[in-house]
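We call the chains A, B, C and D, going by the order they appear; numbering starts again at 1 in every chain.
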């Protein structure tokens, strides 16, 4: 991997990237970051001067889907360019080195760039109180490795819903005691790029932002970059006009489904899901789940595995049980019946023990 | 985590455990209340009836929904605001598609809904009418005299249910899980309070009207 | 579950009419405002169509309304970039693509001429040296490659 | 269930007290009461149906508010929630002072006209609950003196006004002389036993002559009973089922003694509801005879073609429906059929039939001297109705209503005479002399 002394502009020029190409790259990056096109010149100037950071990528309890998403992203040139701009010093799936050599590279990069490197994590990890044996790398528990690596990190990027929120490993009953990265890291700048997997351009967009502006982007309550997670799927959905008109598909094969109507009734979690799918799309911008006719699962939200059926509408409670209602109703009828029976007895007693009024008694009051 | 820091956690709490608690309290409380009423029953009536009880009772259940012309003329504001918000509330409750899905999920029955913008408009009107009823309650001497803390509590809960629903639909509170969670939370509060307050009238009104209609009907008067 | 083959598959085209073009019209209004601003102040506007929630037919509808104008240019840098003037003077469509012909970004540029078409000022620094070098070689009768 | 004298009456002790009252309230609570109180939303619409509120503007006269003691007994002793509140010390209780304050609301400002029961949006039968509340009020010693006096006189003398048979006897002889007809007394096995009200005998003696003529004309067999002639029931008005049952038993006994098929309630509102609707339940058994209001009987005779009239009243007549007869007993069309026989120009009051307005004197208000000002205030509602149609005469069929209309119209210097419908019919029977 190349030296980190270079500034991005010089580095790219050395790679034979022209000014127009650079401008085009900045345009693409701005589009990724959902920045207004008017900011492109300022961004170009900043990127020109940016330094290439060292990046350490740790993969814990994950499925490699996030890495797949990134490496199979539709714009290899741009991805290449962004990856050119960083120095990816450790990624145990992608790097050529293996075994002790790989771990040595990690140790070395951490030492050389202490306080300056960017730490990227995908996957959740067994928490400090859980059995560390559930997930180890080179005999080191995920927890120990994360805490060691975070020490010298300038910022942390949690990629994917597992790293961001615990994801599938953390779903009930959470056998491994999985926790999210943000549960463990409180004193470093952290950004969550959630999604299962995240939109690849969002990962690179966050990197580009970090490169261009030297800091993490603005984030929401869940530390997600607002540029990508600031609006819900529902708000950016091209099918929104159908929702507003009250036109819904009710099965996957009805007229409404064929006409591309809103998928709310088929369980779409778009209204409560914040992500960039609706504008960035997937597979080279070809399409995205809702355009393909499937409701949004809400994969970029916390606990989406435990939020009830993917196919139950958002308004339906997560843990429905009509027998529970019936039981409560029966218990209520029993209680009410008891109260009423006692009350009837009260009335009967009052009626029989009631002292009849006589004219003599009334006369006494006159 | 707090509501603000974990809106999705809040939403899932209101949609999960809290919903179960609320619906259980509601079912238990309401069943108890209805049992209290129905088991008390009526004493035998030995007077020769002029007419039956069932049909006049059922007729009164329906007819009392609208006032007689004289009452309407004497209290048009009270009658109109009351009618408007009740109709609006029922339309929003029963004909908004997400609510229909909820009922379908709970009981397996469903019916056609209304277009969302229409329900939205109805909801806005309902909010205005509800606000008007509060003003009326605070200013009209009779209502002022009748009103108890419970009346204002119930008004507040009802208003909040509609308001949070309106805000959630129009996405005026962000993030949306917080907005939806607040709406569900207020609805659950409504459900929990229902059997123990005058909100019970939602169910007992049918019994009360029937008893009234039956009693008058027996004497040959359409009440 | 029954066998997959038992699920009847019908392919049919559904005519959406204008139902799926609901998001094109607001963009056209935005273009109109940008044009008014250009005429009044000379200030240009870029609209990133990737940031707009478009349905399958929104884009086609938008482009059909804008039409095709006189100028068409292609820039060969980091893959092709197609610049097309629309039938509305001052409204340009810029389609940024990579070598595999996949789209990076699609912009509407409301202005006199898109920035990417202009000669880059920084490149002028090397203009004279490049030309001088080529002159020298020309005088030496050398052959050129672009 | 005739009243049983309490064997351990201590003459020193106060006969009525709070606990006795609460027991009486308790004994009145049933499913409808629970449903009604569960359903009230404090909308205040009932106030718009109450002449006492409308004409005084005082919100304390709101009908549902009059039921607060009964409601508190229900809430604290008949609901789970009330019991929980009670355990927490949050439940308000009925006190003697409260009942003292409520006496005016339950008696003086309520004629039990039932209009509130007719308009309540949730269907609360408020009037029925006022009737129930009066049971508790009597037992707690909070009944108005005027009503207690009437009840005592009714039980002890047979008439709330202390009227004796011998007074009636004089009137009977007068009727026989003036009409040349016989007024049958104690005739066993006839079709109808005719009951009277003391107020009618004293204020409107023409009624007896009128029915004598009508029944003669229609060929109806009927009788008066020396055993019991009084149809009114002071027990119903004060709101005590023991007294009321005792008075009903007297009527039943008289009817059974004579073996009549039918009993006719006179031109009196509450007498009819007392004997027609409450009576069988007060005594706990069905009657061996049927009960009709005189208006019902006349309309039946009319329908059978047994009443032939000639000529019509030419002036503008309007009709006051007694609450007890119309709204509370369903006799609404009958009086209109009869009016059509004899009235050339009959105009309805703006709100009539089941939605008519009370004259303000019913429900014991007229027997309660203290309530005089409220009674007059409530009449203003009727007065406004009458003014709206400007009749030359009013027709009604209840002695209490008639007295109230006469007094009220006179008070407001309105020269509109009030006549009883029975007399009006009697005046137009064919083959009879011109009325004097």
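We adopt the following convention: contacts are C-beta pairs under 8 Å (C-beta built on N, C-alpha and C of every residue); 3 or more make two chains touch, one makes a residue touch a chain.
The model shown is predicted, which means the values in this text are computed figures rather than measured ones.
Asks: Starting at subunit C, figure out the least number of steps needed to reach subunit D through touching chains.
Replies: Graph distance in the chain contact network comes out at 2.
Asks: Taking each chain's centre as the mean of its CA atoms, which one is most distant from subunit D?
Replies: So the chain farthest away from subunit D turns out to be C.
Asks: Count the C-beta pairs in contact for A-C and for A-B, then report the pair with the higher count.
Replies: A-B
Asks: Taking each chain's centre as the average of its Cα atoms, which chain lies closest to the overall Cα centroid?
Replies: B
Asks: For subunit A and subunit C, what's the span in angstrom between their mean Cα positions?
Replies: Centre separation, subunit A to subunit C: 32 Å.
Asks: Taking the mean of the CA coordinates per chain, how far is subunit B from subunit C in Å?
Replies: Here the centre of subunit C sits 56 Å away from the centre of subunit B.
Asks: With centres defined as the mean C-alpha position, give me the subunit B-subunit D separation in Å.
Replies: 38
Asks: Which residues does subunit C have that touch at least 2 chains other than itself?
Replies: none
Asks: Could you pull out the residues of subunit D that touch at least 2 other chains?
Replies: Residues 29-30, 78-80.
Asks: I need the residues of subunit A touching at least two other chains; which ones are they?
Replies: 335-336, 339, 343, 347
Asks: Does the chain-touch network form a line, ring, star, complete graph or other?
Replies: Its topology fits none of the listed shapes; call it other.
Asks: Mind pulling up the subunit B residues that touch subunit D in the complex?
Replies: Listed in rising order, the residues are 32-33, 36-48, 50-51, 60-61, 64-65, 67-68, 70-71, 74-75, 78-79, 82, 140-148, 151, 195-196, 198, 200-201, 204-205, 207-213, 215-216, 219-223.
Asks: Show which residues of subunit C lie in contact with subunit A when the two form their complex.
Replies: Residues 12, 14, 16, 19-20, 22-23, 45-48, 50-56, 58, 75, 77-79, 81, 96, 98-100, 102-105, 107, 115-116, 120, 122-123 of subunit C touch subunit A in their complex.
Asks: If you look only at subunit B, which of its residues touch subunit A in the complex?
Replies: Contacts found on subunit B: 4-9, 11-12, 15-17, 19-20, 23-41, 97-99, 101-102, 104-108, 113-118, 171, 175-177, 180, 195.
Asks: In the complex formed with subunit C, which residues of subunit A make contact?
Replies: Touching subunit C: residues 17-21, 23-25, 27-28, 30-31, 34, 36-38, 40, 74-78, 236-242, 258-260, 278-280, 284-285, 291 of subunit A.
Asks: Using the touch rule from the top, collect the residues of subunit D that touch subunit A in their complex.
Replies: 3-6, 9, 15-16, 20, 23-24, 26-27, 29-30, 77-80, 83, 138-139, 141, 143, 145, 148-149, 151-152, 155-156, 238, 240, 242-243
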